[in-house]
Structure formats: structure tokens, C-alpha cells
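Quick one: the structure is below, and I'll ask about it shortly.
Note that the chains are named A, B, C and D in the order they appear, and that numbering of residues resets to 1 at the start of each chain.
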């Protein structure tokens, strides 16, 4: 029994470290593909790692008015996001962690991280922090109902809210394109774009005061704190990628007690799918321009509508 | 029988304290708080014993209604609510001990505080309609007198007047409910009512009456408008009691009538609480997000939490009507846990607001700021309260929110089409409410405690005396423990759940770790607070250690980035209303017909531009202003009858005589 | 040794000439209190003696508690009026000569009410109510101000027309009864009337009740005939308002209920309950709305009396043991609380030197004890616990909802509107910054506090014998 | 009572009813007072006749009172008041004579309808009762359709005449004399009130509506 426990613990540890390591790589790939699409050379793939290393070595400049909340927030945000990312089954489902929380808790963990980031943003006492926090919270109020309906769709279809349970259900099911699942996929993609401050909702690369949301909150951070925040943002992106992969494209995920080779295959399949998404995202971003702030309700509202439609379709018959 | 005797003695102690305080003046008034704290502890211990022992304790006193007497019963439901109430009373009393003996003790507040606490406890152990309504109305009376303690301010007088009228309307509705239950013969004792439940039509009337009665005291839309006026007007530790604890007595009333006295539920009974609760949750928060007064924001958020609890109760009704006790157990556990959690973090937040008011003398958010540096402990406790009320994972708010979401997710399995389609709508509205709560409390905390002080009072603030910090600290600790030990609390609820819905939550044993909270069964949904909290702690510590080893440890303090404009005035910060501007743009137009108008001066004119926001409160206009005008208008028209001549009065008499004579002529 | 029954008549009767002759008003007040005290002891002695049946006098469950209540409130009001009038003399609104007349009339009122209560003969009761009205008309006009005269004149004219109609009703009852019971006194005595009720001619009996309802209804102050009550209360001296509101309305209602007992026996007579319910609701709702625009504090509580008499009429109209019990309890509580409130109002008017509500505010700052007394009084009259009025309204509203939900909605609407107005005025008077002149209050609050303690006890626990009386009468009332 | 006795009683009661109508018809104060005096005399005759028929001698006292007090003393005083206070001779009527008479007729019809023979009370007593009821209602009608205080007082006294007629009609009713005495005291008070307070001097018109200016809590004053 203890051997089995050790393997379990190792697998869970491997998943957590895997997710942490590939996060900057995913961001690198996204930036590179985006540059390529704009016919630019683009930064090297490992640029994200180099940025983190550079930031770690720099001294951290903190505003006078900042309190202990400002200094401790980055570590808490990173920890919350990392635990949330570890919850999502990447190469194997049913790992030790999946027994600790389900998707509702996952969404709540992300909510906690977001609230702490918004508070940290306001701690410094400048208008940029205010802009970022207020818009971030407004986007959250639009995204959470949609996320809730996506969870409801999956719960009705799979009968459970545990991510591993949903993944196992779809693996066992014969392959079939279901309209409700397609609609909730669209909804999840839109919510992911909104939550990760990607192009239609917020431009991650901009420092233009009036448009930035995520960047405005982290404007005052520098040095090692900024590094931790950047890592947390990258982790969040990977979390949403693996969430989409695990819920909608779960093929190749190994069972909880499968042997080492199955885990290896699982990792390969997971990396391939991640790469696919990391390429699709910049394609989507470059094809559309950033929206004005008060068009967000329409955009995220459409995600809500899609998820609602998915739920109603499921009411008609489980088969949809 | 000893339990009731002990709680009788404690209630007696409260009444005697009230009486003595009414007679004494000056510093002796401070004795009230230790006595009420002791009484609260004894009552709490008695309640805990009865809850865990699970055996009911009943007594019958010869006083009360002639022929029926005063029935008292402490069963597991009352015991649970007793713990909630006495916890709140204990915290408020400890906070009260911190008051400065010389200036702050007034004979208008101290004598009424123990009376208010005693009345609330009496409501719980009342076992017949007369005792229930007697103590219910006594509770409203005591809290009215407390709200009007600052009687020189016309605002609090108007709030107190509206509050007492709404309380009277609530009592009238409950009187209808108990009238329907007791029937024409007047069998007011609860056990006679349980013996023969009313037929369906009367039961429906009773349910609506109970919803109006308890909803008005709790703050359900549209009976809510008094709450944000009355609760802030009372002294802080009293508004903590009113918001955190009195609303729970209202919920106890509804649970006692709907689940205990009305007999087996019918499925459509669930619709009014669910629909009203969801609307209350969302609208309550939209009010909170737009309001700029700290204590009024907290009062509006009380309305939201009461709405959430009523949704949970509605779901419990729906599940038990369709014969699914485990679903009903999850929904009822969500409701009861949310009652417990809300009483903790709302009391904490109101005591925090009281501390801020005590330190700065200001309640408007736009006048505060930067208090985290000047009131570090209060800020820390307020932060715990704010995160807890926004239902964020490691804290207790999330435990009941999670259970509620599990119940909503299981709701589509209900057969009736109305409930079937209602569940996604309810789920969406609850998620919106959760997000709005987070936004609201980030706004409150950010504006009040973070950033730079926006007024001289805020700059000169200092932290509150130790006793008040102790009260807040205790509640904050409870919020954290409640979050981690959520499953233990759920297990403690088992006797109450068995009594109300016939089933309890699955035990923790069935999950991998002893502390995991399980909704239906481990395979379906699980939330293990300690494991998650442990891993978050480990992760943050390891990152802290790794980052500190790898990186430069030097930090430098520098001016915040100001885009090159050297003017560092605090006015540039985001105020409460600017933080609410995006939310007002998105939701305000629909809910309150909010319009922003900007009046630019003609070019070349140096006058400043004027920016104004018009927010129309439809609910106030329709449900409060209109009836008020109608009554005054009608009384104006009728007033003519006071100034008639004698001849015209004789005409009145003559006409009535002729009418009665013709009736007599016709009928016999 | 004279029997207690005769004592409660002889004592006030002898007091009238004695008081008329005493010149010093202080001595007069003492004698007045002493007379009332003796009458009270005589009344309580009634409890322990049984009474042979006689054509003219009857003592049964119904009037025994009313007699004790009347003499008790009469006694406490005499104590209050002693201190109240001392102040009135000081500020010159009354002269010692007038006080001799006042004390004589006071005892005349007591005598008349006792006659009306213990009369077994409906004619004798009519005379009792008539003399009571005449004496109060004199006292209402005692201040000689134009308003007082106008109020007295209106009270006199409306009262006389009312009493005239009541007399015609009494004649009709006699006419109907003498067919069955035989001519002379027996045809006018209650016990025989109730016993022979089923055999009476329903048509004439109903006609009689209509006239009696309009006649005595005027004295009770029910809505269409209420016009005299507000001005009589506001312009007369406060002890008289207390006695008027507390006792005279009860005596008139008692008379009406006696006749209702007769009607209840006769099945085919008109539905008396429906008419009383109708009149009760009209009075309740009308008075509730009128409370909002009142500017004079005594006129405010006069309308509150109309409202509460409306509730009592409604309760007796509903009938049934529970509603009747509530009605009787309501009558008793109302007279105790309302007279207590008028004691407080009297002191407030003296302390503030005015009766205009707009000019009175913040007495909780200047006179805390008086403010507490007034607040408890208003809380009691508004039907809030822990006072007795809450018990009666609890029983009434819940039983009405169980039998007629529609009626209970109107009842509760009236109660809530009145409640709103009362609390609004309470807050204006008691709270806020003290305005206007404030004189020191040299008056005894004991009578008012005694009333409130009795009501508080009734709110928590009703003694056994009282419950028996109320139950017995509730059964009789049908 | 034999048929003849009833007829005489009805004749006298009918006479009083006609006189009540006459009261409604008059538009001069002095005429109203005289007609009232006639009605009082008719009442005393009717009571005397009842005394004879029911051989109840005490009724004669009531008849004497009615004759002396209401027949002569009160009209005399009223005449003096009218002359002393120079009261405006015309009577201000609220609604015209025509409609008043019509309402009066309606009231008489109602009285008769109300006293329809149902139970076993004898027919003759009913008719006597119907007349008395009609006189009462007409008295009340007179009070409410006149603005002048004196006419109102006469209306009230005519109502009281109806009451005494009804009381004496009831065979063997005790206390009738005492009650009629009480009523005469009442009337004395009224006349006393009108005369002593010198209504005219204090209110410079006997028009009842003039009283309103002195009503407590005046609307325009407060």
C-alpha cells in the first residue's frame, strides 16, 4: 500500500512541477507565434524564463503608502493559482489532489486570487490601481455567472462536479460531438479570454493607462514581486488551457493507477494539446481588435447566453 | 428540565440587568455588558448541550394566554439558533466593555441592550403563538428604542419610525400566519398546531403570511427599505446585533413555520422564497455597490445574505416536497451554515465599522483611506471579515456558498418544470451575487483601509481599545476556523437536519481525509478545506523561501508612479463612487435607471465641469413613497370631517339612521 | 349597615351637595378623593356579597368588573385632578367657585355611571346615561373659552338627539316585552328580557335595536356619530377627558351590549353582528386616518379612543367566545391605558403650557420620567407587548383571520395606519431638541404608573376570576 | 281598549303628524313657534286621553307638563328671545320646502313600512307607534334642514313630543312621568343655554354656522 501511496504522491508532485515549469514556456510560445503572425522575428521561446530570472535579480521598489498587504499579496496569489492549477488533471486524472476539491472550489480559488490582486492594486493609492481593480471586478461579475452555467452543464452531463470525474466520464463515453458541449466550450473560451486579460478584453502587452486592466493593478510591482506576479499570470493561462483540454479533449489522460508508461504517454498527449492551444490563442488574438470597456458586457454576455443555451439543451435530453 | 431552568436564570439575569441599568446613571451602566456576556455564555452552553444531546426540553408556565399558558421548548433547531444568537450577543457585549465609561454610556442604550438580547433568546424557546409573537414584538420594540437612541438626529428618527411600522406589518403578517395555523378554535400551542396541520389553501395563505412576516424582519425585497436606514442608525455594537443576529431570528421564524408547523410541503411552496431570495441577493448587492456610507453598505449586504439563505430554504422545501431528503439536507445545511457564518462575519464587519467610526468619527467611505497603517489590527480583522463575506475559499463564507451551489447544481433533477428551469437562473444569479459581493467588499476595504487618507480625521485615526479588538479578533478567528472546520460544523447540524428534513449530510468518514465536506457522495462533489489551505500555505512559504534565496533581498521605498504629474493629493485616488462606476454603467442602468450627466462649461469659460449621477430607486418609489403619499392624501381629504357644522353632523347621523332603518325594514 | 349595592349610590349622591358647599378647593379635592375611595371599597365589597333579585338593581358577571373598573379609574382620576387643578388655579384658568361646581359635577357623573351600570331596568339605565352626559357637558364647558362653549354646545345637541333616539328604542323594547312578560317593571328588567328573548317580536325588536344602536352609539363615539368626542376631549379639563374616554364610553358600550344580549337570544332578528362589525371597521379606519392631521395632543387621543371603541365594537360584532373575550379585555385595557395617557398628557400640557403638538418636543430631555410614562402609555395603546392590549389584539386578529380573512385584512390595515400615526406623534413629542417654554412639573405620576402596572400584569397573566367573568359574559353575548 | 278609544287616540296622533308637516312648511320664525305650541297642545290632549283610556292618573301629570311648559312657557320665552335678539325673521333653509316635504313623506312611508304587522303585537298599538316614529323622524328632519338655532331647538322639541307620544302610547310603562320631567329639564337647559349665553351678543347671529369660527383646531388658524 505504501508503494502505491508513494507513486500517488510522486505523480501529484510531478503534475505540480510540470505545470509550473511549462507555464513560462507556454507564454513564450504564444508571444513567438503572435510575433510570427505579424511578420516579426519575435522573442526566443525561453524569453519568459529569462525575464523571470532578470526580475528576480533586480531590487524591488515599493511605494511609500504600500502596506504589508502589498508585499505579501504576490506570494498568496501565486500559491492560490498554483494550487488551482494543480487541481486540474493534466496527464493523469484521479490523482491525490482531485479528492480535495471540485470545479466550484477551483473557480473560488481563482476568485480569491483575483480579489487579493485587486486589493493589492488599490493599496498604493494611485488612480491606476483603482482603474485596474474596478474593471477587473466588473469583468468578474460578468464572467462568474457564465462559469457557473458551464459548471452546471458539465454537472448535468457528467453527474459530478469533480474535474477528474468529468474527464473519466468523457473518456468512457464513445466519441461524439454534442451541441451542448460545443456551446459550453465556446463559453469557456470567452471566459478564459476575459479572465486572462487577453486581447478582446485587455491587452497584456500594453501600458496605455486608459485601456489596461491587469497591468494597471500590477503597475507598482517591481523586482521579485513582479516576477512572482508574472509567474502567477502565466500559471493562470496554463490552468485555463489545461481546463479546456481536460474537460473537452480528455483523450490520452491516464487513469489514476496506470503505470509509469501510461503517465509518459499522458504527459506527451498533454504537451501536444497545450502546444495546439498555445498556437490557436495568438491566431485568435491577432484576428480581432481590443474592445472598448463598456462593450465587455455584450462580449461576455454572449458566453453567458451560450452556456445557458447549453443547459437548456441538456434539459431536453441527456443525449444533446 | 435543568437546562430550561438554567436558561431561565440567565434570561432573568438579563432582565434584572436591564432594570438596574434603567435606574442607575453614569459609569455603573458599564456593568450591563459583563452581565450580558455572562448570560450569553451560559445560554450558549445550554444551547450547545441541548444541540449535542439532541433531546428536547419543554416547560409550561401558568402565565400567558388564559387557558393555554406559556409553552417553552428548547429543541435542536432553537438550540442551533441559540448558539448563533448568543455568540453575537457575547461579541457585542465584549465590544461594549471597551466603551469609555465617562462619555459613551447613555441611559438610552445600556438598559435596552440586555432586554434586546433576552427578547431574542425568548423568541427561540417560545413554543406557542402568543409567546412567540410577544417576544418577537418585544425584540422589535427594544431595537426600535435602540435605533432612536440618537434621537436628536432627524434621520435616525425617520429611520426608527419606518422600522417600527415595518416591524408592525411583519407582526401583523405573522399574526395572520398563526391565526391560520391555530384555526377558529384558537389552539395556539405549537404541539396542537403540529397535531392537525391546516388544509392546502390555508397552508398556502399561512406560508405567504410567514414569508411576509419573516421576510420583512430579514429584509427580503420589497420589504427591505427600512433595514439600510435603521441598522446604521443604531450604535455600532447594536447594529452588529441587529444585522448579524436579529435577521437570523427572522429566518428561525420562517424555518419554524415552514418546516415544522406547516406539515409536509408542496412543491410550489419553494417558488416564492427562491425567486424573492434570488432577487433580494442581486438587488441587495447592487444597492450596496452604489452606496457610499460604510454601515449602510454592510446593511445592504445583510439583505443580500438573507436573500441567499431564503434561496437555500426554498431549495430545501423543493427537495423535501419531491421526496429527496439528501438534497434537502444539503440545501438546509447550506442555509443553517450560512446563518452561522453570516452572524460571525457580519458582526465582525459591523464592529469593525464601529471601530472606524469610533476612531475617525466618519462613516462616509470617501472620507476614509489609509487606515491600515493607523489601525493595523482592526484592518487585519476587517480584511478577514471582508474575504469571508465575499465567500473566498479558505474562510467560512465559502463553505456555505459551496454547499448552496451543490444544491443548485443538483436542482435540475427536480421533476417540476418550474423548478427545472429555475435552477440555472438561480445558479446564475447566485454566482452574480457572489461576484458582486467580492467587488463590493474589495471596494469597501480598498477605499476605507488602503491607499492614502482622504481627510484629516482619517489621517488622525488610532486603533480602538483592547476589549473591542478582542471582540473583533475572536470573531475573525471564528471565521477562519469555521472555514477550515466546515465539515465538523455540518456534522454538528445532523440532529437539526434530521428533525427538519429527515436526512443529514454524509459523514466525513466517506471521504479521503477526515475533514472533507461532502454534498451528496464523495464521487459527486467534495471540498476539503484543510488540505487546500495547507497546500496554499506550503506553496506560498516555499515560493517565499525560494524567491528570497534566489533574488536580491534589497527593497527600496520610492514615490508611487504618478505619470509625471507632481501633485500627490489624495483626491487623485479612486473613491467609492468611482470604483462603482463600471458596475453602475453595466448594472445600474437596468436596475435603477442610473444616468450620468456631464455638464461642460462653454469653451474658454474657466468654471469647472459638473458631473452628476441620477439613481432612481424604483422599489422605494413604488412600495414606500406611494403608499405613504396615499395615506397622507386620504387623511387630508378626510380631515374635512373634523370641521363640519353641528347641522352637518346631524345630517350624518340622520343618514346613518335612515340607512340602518331601511336595512332593518328589508332584512326582517 | 347599608348593603354595598346601595352604598355605591348613596356615597356619590351625598357627596354632591357636600362638595357644592365646601368653599376651599383643596378641601373639596380631598373630600372628592375620599368619596371616590369609599365608593371603590364599596364596589369591591360587592364581590363578596350576594344580591337578592330586584326589579331595579342587578349585579351579574357582566357589570361587576365594570363597576370595579369605573370606581377604580374614578378614584385614580380624582387623585390626578387634585394635583392638576391646583396648577390650573395657579395659572388662573379656573376660579375656586368653578371648582366647587366641578367637584359636584364629578360626583354627579360617578353617581350617574353607577346607576347606569347596576340598573336592572332599561329606563333607569337610560336616565343614568342621560344624567352622566349632562354632567360631562357642564364640565366640558367649564373653561368658558369660545372653543369650550362651542364644544359643549355641540356635545349637548348631538348628545340630546342621541339620547332621544335611545329613549324611543327603550320604549319599543318595553312595547315588545310587555306582550310576553306583562306590563310594568318586569317588562323592562334585563334578566327577564334575556330569558324571554326568543319569544319577542323580531321585527319591532330589530327596529328597537337600530334606534338603540344609533342612540347609544353616539355615546360610544362610533364613527358616523363621533363628532362631539374630539372637541369635548380637547376643550374640557384633562381629568374629564380621562373619565370621558376611560369610563363613559365603556358605560355606553355596556348598555349597547346588554341590548345585544337580548337580540342574540332572538334568532330571526336582524344580524346585529354584521352591523356592529360594519360600524366598528368604519370607526377604526376613519379614526386611523384622522390621526395624521391632528395638531392638538388631546384631540389626537380622542380620535384614538374612537378607533379603540371601533375595535371593541368590531370584536363584539364578530361574536364567538374568542372574539367576545378579546372585546371585553380590550374594553378594560383601553379604559385603563387611555386614562393613564390622559394623565400624562395633562402633565405634558401643563409642563409645556400648550396642547399644540408642533410646540411640544424633546420632553425626554427636559422631563425624562414624564417622557417614559408617556412613551409606555402610547406603546401600550398602540397594542405592543408587554401590555395587555397586545393580548386582546392578538386574539382578535388571529381569530378573525381564521374565520373571515377579508375582514381581518381591513382590520389590520386600520390598526397599522393608526399605529403609524401614533408612533410618528410619539417620536415628535418625546424625542428631538426640546423647544418652547418648559415649566417644572409638580404633579404626581403615581396614578398613571398604577394604571400601567395593572395593564402590564394583565399583559403577562390574567387572574382566574377575571378570566371566569370574561368567559361567562362572552358566552352570554353570543 | 275599544275601537272608539283607539280611533280618538289615532285622531290626536294624526293631528300631531299633520302639525309636524306644518312645522316643515313654515318659513317665518314666529309662525314656527306658534305651530309648535299647537303641537304641544295636541300632545297634551293625546296624553290626557291615554290617561283616561288606560286609567293611569299619573299620565295626567305629563299632560299638564306638556300643556303648561311646552304649550305656553317655552313658546313665550322663544318669542322674547326672537324679539330681544332681533333675530332675522326669515328662516334660512338648507333645501327648499318642496324637497323637504317630499323627504318627510318618504320618512312617514318608511315608518309605516317598519311597523308592518308581523308578530302578535296588536294592530292598534302599531299604528300609534307609526305616528310617533313619524313625528320623531320629522322632528329630526326639521333640525337638519334649518340653519337657525331657534328652529333647530324647535325641531328637537318636536322630536321630544314624538317621544312622549310613543311613551304614553305604551300601556303601563313605568317611569314615563319621570322621563318626561327629565326631558322638560333638558329643554329648559336648551332654552336657558340659548338665552343666557346671549347667542346673539357673543356670536352676533344665531346662525349655527357662525359657531364654526370658534371651533377648536380651526383649519385656517392652525
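The rule we apply is simple: contacts are C-beta pairs under 8 Å (C-beta built on N, C-alpha and C of every residue); 3 or more make two chains touch, one makes a residue touch a chain.
This structure is a prediction, so every number in the text was calculated from the model and none was measured.
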item: Pair sharing more residue contacts (C-beta pairs) when C-D is set against A-B; value: A-B
item: Identity of the chain that, by mean CA position, is farthest from chain B; value: D
item: Inter-centroid spacing, chain D versus chain C (mean Cα positions, whole Å); value: 31
item: Chain A-chain B separation of Cα centroids, rounded to whole Å; value: 35
item: Mean-CA-position distance for chain D and chain A (Å); value: 99
item: Approximate Å spacing (C-alpha centroids) for the pair chain A, chain C; value: 78
item: Where chain A touches two or more other chains, by residue; value: none
item: Where chain B touches two or more other chains at once, by residue number; value: 639, 642, 646, 650, 657, 661, 664, 668
item: Of all residues in chain D, the ones touching two or more other chains; value: 114, 118, 140, 143, 152, 211, 215, 217
item: Interchain contacts, given as pairs of chains that touch; value: A-B, B-C, B-D, C-D
item: Sites on chain A touched by chain B in the complex; value: 56-67, 69, 75-76, 78-80, 82-83, 86, 96-97, 99-102, 104-105, 108-109, 111-112, 114-115, 118-119, 122-131, 133-135, 137-138, 140-145, 147-149, 151-152, 155-156, 159-162, 165, 209, 219-220, 223-224, 227-228, 293-294, 296-297, 304, 308, 311-312, 314-315
item: Residues of chain B defined as touching chain A within the complex; value: 369-370, 372-373, 379, 383, 387, 390-394, 398, 401-402, 405-406, 408-409, 412, 420-421, 423-424, 427-432, 434-436, 438-439, 442-443, 445-447, 450-452, 511-513, 516, 522-528, 531-532, 535-537, 539-540, 543-544, 547-548, 550-552, 554-563, 570, 572-574, 578-583, 585-587
item: Chain C residues touching chain B - in the complex, by the definition given at the top; value: 153-154, 157-158, 161-162, 165, 202-203, 206-207, 209-211, 213-214, 218, 224-225, 227-228, 230, 268-271, 275, 286, 289-293, 320, 322, 325, 364, 379, 384-386, 390-391, 394-395, 397-403, 405, 408, 412, 415-417, 419-420, 423-424, 427, 430-433, 460-462, 467, 470
item: Chain D-touching residues of chain C, taken from the complex the two chains share; value: 121, 123-124, 126-127, 130, 134, 146-147, 149-151, 153-154, 156-157, 160-161, 164-165, 167-168, 171-172, 174-176, 178-179, 183-185, 187-188, 200-204, 207, 231, 234-235, 294-296, 299, 356
item: Parts of chain B lying in touch with chain C, wherever the complex brings them together; value: 62-67, 129-130, 133-135, 137-138, 141, 148, 151-152, 154, 157, 160-161, 164-165, 168-169, 172, 175-176, 178-180, 182-186, 188, 205, 631-632, 634-636, 638-639, 641-642, 644, 646, 649-650, 652-653, 655-657, 660-661, 663-664, 667-668
